[in-house]
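In the two complexes that follow, subunit A is the common piece, with subunit B as its partner first and subunit C second.
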Partner chain A sequence: MDMAATTSQGRTHRKPGYLKRGDRRFAYLILAPAMAAFLVMVAWPFVDAMTMSFYSYTVYDPEPVFIGLDNFKAILTDPYVLGSWVTTAIFVAGTTLLTMFLGLSWALLMYQDFKGRAVFRTMTLLPWILPSTVSAFIWAWMLNGRYGIVNVLMMNVGAIDSPVQFLSNDVGAMVAVILTRTWISIPLFMSFFLAGLQGMDFQQIEAARIDGAGNLRIVRRLILPHLKPVFLVTGALGMIGNLQQFDIIFALTGGGPVRATSVLSIEVYKQAFQNWSLGMASAIGVLWVFTLMPIVIFYLRSLFRED
Partner chain B sequence: MFELRTWKEKLGFFGLLAVIAFFLFFPVYWALSSAFKANGELYRMDPTFIPHQPYLGHFISALTEGPLLLQLGNSLLTSTASALLNAVLAALAGYSFAKFDYPAKKPLMLLILSAQMFPFGVLLISIYPMLQSVGLLDTRIGLTVSYIVFALPVSTYMMYSYFKQVPNELIEAAHVDGASNFKIFRRIVMPISLPAFITVALYAFMWSWNDLLYSMTLITSDDKRTVGPGLLLRYINENNADWGGAMAASFLVAAPIILVFSVLQRQFIGGVTSGAVK
Partner chain C sequence: MTPGKIGHTIKAGIAALALAGCATSALAADKVTFLNWITAEPSNAPVMQKLIGDTGVPVEVLSSSWGDMQKSVFLRLRTKQPLDVFQAQERWLPTFAQMPNVVDFNDVFGKEFLEKTFPPEVLVTGQVKGKQVGLPWNVGSISLISNTQVLEKAGVTDAPKTIADFVADLEKVKAAAPQSTPYAMMTKGDDLISSDFQLWLWAHGGSIFDENDKPVVNSEATVKTLTFMKDLVDRGLASLDVDRGAARRMFGQGESAFYFDAPVAKGFAEDFSGKGEAFVQYIHPILTPVEKDGMQSRSMEWGHLLVMLDTDAAKVDGKLSADSPSGRFLKGLSMNDGIQLEYFQKLGAIPVTLSARASDIVTSDRYTVEWNASLGMPKLNELAALKDSASYVGVVSEEVQSAVLGKKDAKQAAADMQSRIEKLLN
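Moving on to the complex of A and B:
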């Protein structure tokens, strides 16, 4: 730091930690490409969707027709569309909680030193790097209503008399998409928790052990409190990701049977690219953004707290 | 960390290990095993866990009877191009945020990061007509550019937090030697930041590689399709699904990325977690 203050060729170094102020032009210049990409591909499409939500624009309308709040009125009075918020909530809550529980458990197991741990750790990444369609295929085949291994095993041990048609009944389809999405997300969550565990204070654990604390007590009293910030961040990230999830659900169930797994992403896709009703799709999208907003704000605040 | 002295403690630990490991890895094993079974062995109520008569027919038909290789090429092309584009944009922006001071910095940074608020599905409603109007609908270039949406915000933040750790003295010293800002960035900062750059590129690659929604919507001709929608359209239709073929094709498609990750995984996972948590 001392060096930085004296070597700026005559210009003063005003703020420690940063470079000379005269370099502002360069800073703007290298920011410009990312900013341009952001404006064209994110900001403008969003503003456009906001605007479009006040219009009726379908294949029957040659030009968008301004209809004020009619799209929103239609959404708020349509029990089916409103139902997709409930469906989304079930999917997001189920997936996020299950992933956090299994991700944390797996991280705790992988933190313990045992023979073969390295192999397990390496393999853990596998579900995450498979393309979504491939993961959906694997689970659709496992849960197949006739020859799926899940049905076959359950029938063989006598748990069920006839195969369960997972993907063609409401509850089964929801279970299937939650399981598949959880399966894919565990590796990433495991890494977050594992990173959090690296900062554990071992002396504290040793001291608790001398006081006679068992493994479960150490998890409850020491490890879980230590991981609290990780819980908050992974919880927020998990919800943001799951609230947007489309690929797995579309590939597995297409939102069905009927509308049983029709979450917001599926609803918007169907309105926009199957019904070509862009105004309506945008209106649902705008409400979807407001659903996501509080979680993203929470996440960004926790990200910037240290800065 | 845990003490596993009594048989109860051991049972608890290894029992939980076995259950979660089964959930994580058995599906992959089962898919692989299914890919090597002829239909007679595949569809039966007393399944064989190891194929009795290993059969390569599904792999051969997956490779020869459809555009799988072509679509795999499309996926690799669009994912690699968008990953590089994304990593370059993120590195430049991240450097600007990390090492310079200007009034609009924090708002601009928040603006880029807030992009996570806008679901990809919503942006797509406007990206579709936008690409159409400039003639980029149903082109791989259009798809590549659209993929920026997925990873740019988080990538920028990942590069930013990496550059923050690069000591200012290093850059100041080069200034004294008369090097320009751009030269310092290219010759000094980038070479030592290569691990972060690769991590960010891989992160972006994963997003496009996994994508189904954009590719399915923005590409309409079969020969330009990527593997996600390609597999879906080919193997699954309501009445008869070719499960053996689907499993074989799945592994052919997954092989290249499994290879890349088995080499780079340790570095990658550390990079992604440190970027998102802190």
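Moving on to the complex of A and C:
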């Protein structure tokens, strides 16, 4: 069907997105490198992993053996592996909510006009610039049970009598990975919120103040509604990023103690590089993708809707 | 340029590439690519680099930490990166032996020659299903070692014979130095936790499998072992978050009086103490204490082996040969007495050849004599020979940690360990 539509007046309009043949060819040409990269780097490994998930394949097996859905059955009947979904949900929810709250709070502070604001804004980016593994090791040292500075400070102020092994108990380890990931993500979230704030009509805030509105009311009635689209984008991006998180958790706790921080990415790593079961690792990876999919679809739909 | 000329240019290019490929391959065959973890350890790297140089064979040395070693080997092989020889822990050998291209050393050096060179108990550590897939490099045991400087300060003069004596000694050390961790028990790292657990399980008279390879870990001995390990942590006699690296540092720096390690512990303790070789007077391997007097004390068989791959560097005229670069390199590291004895003197690695072991340097060494006396009846890591060993190690480690952290009581952890092992076996 022709992409052009004829109006009652006989004039021809092109539908949005329609390109002339020459333009279309040029569009395909400039799209080709990105498509090639996508096919090689994303699509092919994904299809390969999908295929592998139906096989039993360890590194010392000469050939993969087709086992149908057995890997998926094993995952869905293993409470230890299934627990990774719960752990992932706790980590993603905790990290995303905390980062949004602190990112917004910090953006509101950085939005104020004060001396040295530019320096503060620049320094805020530091955790984001540092390689995440380096940040994880810094936090691991700070939280170390024998010589970590957190223990020293808490003992000095009398909060604890003896050192606490933060990374060796379930709650401490989960709090540590959430805090570290949050610390790294705050600059990015702050930038989003700050950009959103800068699009606000400042006169609205001034008018509200003249009408007697306090800070909290201004945030609740003016700023939060204005930032709603930013919340949607940062929320979706944050959840996607946190669902994919691996390096910080691996460097801090390795998924332990006793799977307390063993999120899906760690489970895939353990199956692939500790148990050497590439088939099982692929099956968990496939289920992990399906876990991510609803959030990605929501994010993409909201993006296209804006367009 | 005419089409004919273009064709000639392409042909010339292909020929040049082919020649370059042949040249690279020939060069690669002269140089042995050796992956190991000793050169990844700052304390040991300079000595090992020198010993590798002493073999006289050009070697490209690749380093990987002990924890990443299996992964590094598999990934290099899967991605077809050069690898001719690599170092292996004895318990990884059943897994490595299943890979293609692993050489049987009987085909390279000859079975008779190997039997003349190495003691049988050393040679057997490198054997899997009748094949000599590992060449002994440094073979000893995982034994309990004590720091007598710390113990003497606490008023302890005799090595503990029973577990009750051991705990009493730990209490004395803790009383003398409240900030210390008297026993640096492995509480981090699946491999290490399962290894320490097995040593104490054997000391309590238990085992994971019986003589018919049936799992028997849901036992009173396991419950006693897990209760003992948890009690040590709860009372501050052992600590969480300790792996071998931390334990070596704690031991060398006088924060701990005991921990389990291999003979190379000596080199680490000397280094971390800051006193160098003078510190060896305080390092004493001892028999692992047992639950009751008269029970058999056990250590865990342990060894560093060298594995050779069937690559160009392993061949002369297309055939596996002891005179190939890989063959000469391995002969140098493993069978040259000068190199073996220097490794022993500098880092405490017990030599593997009959002739080096008979040397005065070894027989008159107090540390080695005590080490040999600390062996009791050595036993192989029970999880090592299992196919998919890492899964079993993970299960044992998780259940031990669950008990030590109080997430499960000892009985539940023992029962879960048994049922999960049975599930893996099926």
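As a convention for this text, the second predicted complex is superposed on the first by the 283 of 307 C-alpha atoms of A that agree within 3 Å, B and C clash if a C-alpha of one lies under 4 Å from a C-alpha of the other, contacts with A are read in each partner's own complex, and residues count from 1 in each chain.
By our rule, a residue touches a chain if its C-beta (ideal position, glycine included) is under 8 Å from a C-beta of that chain, and two chains touch if they have at least 3 such contacts.
As the structure is a computational prediction, the values presented were derived from the model and not from experiment.
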When the two structures are overlaid on chain A, which partner does A:G256 contact: first (subunit B), second (subunit C), both, or neither?
-> second
With the two structures laid over each other on chain A, which partner does A:W85 touch: subunit B (first), subunit C (second), both, or neither?
-> neither
Per-residue contact with subunit A, leading partner among subunit C and subunit B | B
Just subunit B (first), just subunit C (second), both, or neither: which does A:G145 touch?
-> second
Determine, under the contact definition given at the top, whether A:F72 touches first (subunit B), second (subunit C), both, or neither.
-> neither
Thinking of the overlay built on chain A, is A:P45 touched by subunit B (first), by subunit C (second), by both, or by neither?
-> first
Return first, second, both or neither, reflecting whether A:F273 touches subunit B, subunit C, both chains, or no partner chain.
-> both
Which of the two partners, first being subunit B and second being subunit C, lies in contact with A:I129: first, second, both, or neither?
-> first
Intersection of the subunit A residues that touch subunit B with those that touch subunit C | 144, 146, 273
List of subunit C residues in touch with subunit A within their complex | 71, 74, 78, 95, 98-100, 181, 187-188, 190, 236, 239-241, 388, 390-391, 394, 398, 401-402, 405, 407
Subunit A contact footprint on subunit B (complex, rising order) | 1-4, 9, 12-13, 16-17, 20-21, 23-25, 27-28, 30-31, 34, 42-47, 75, 88-90, 92-93, 95-97, 99-102, 108, 110-130, 145-146, 148-149, 152-153, 156-157, 168-169, 171-173, 175-176, 181-182, 185, 206, 209-213, 217, 227-229, 231-232, 235-236, 241, 243, 246-247, 250, 253-254, 257-258, 261-262, 265, 269-270, 272-274, 276-278
For the subunit A and subunit C complex, residues of the former touching the latter = 58-60, 62, 80, 144-146, 162, 165, 167-170, 256-259, 270, 273-277
Would you tell me which residues of subunit A are touching subunit B in their complex?
-> 1, 3-4, 7-9, 14-15, 17-21, 23-24, 26-28, 30-31, 33-35, 37-38, 41-46, 48-49, 52, 102, 105-106, 108-109, 111-112, 120, 122-127, 129-134, 137-142, 144, 146-147, 149, 152, 155, 183, 186, 188, 191-192, 194-196, 200, 202, 205, 209, 215, 218, 230, 233, 237, 240, 243-244, 246-247, 250-251, 264-265, 268-269, 272-273, 278, 281-282, 285-286, 288-289, 292-293, 296, 299-300, 303-304, 306
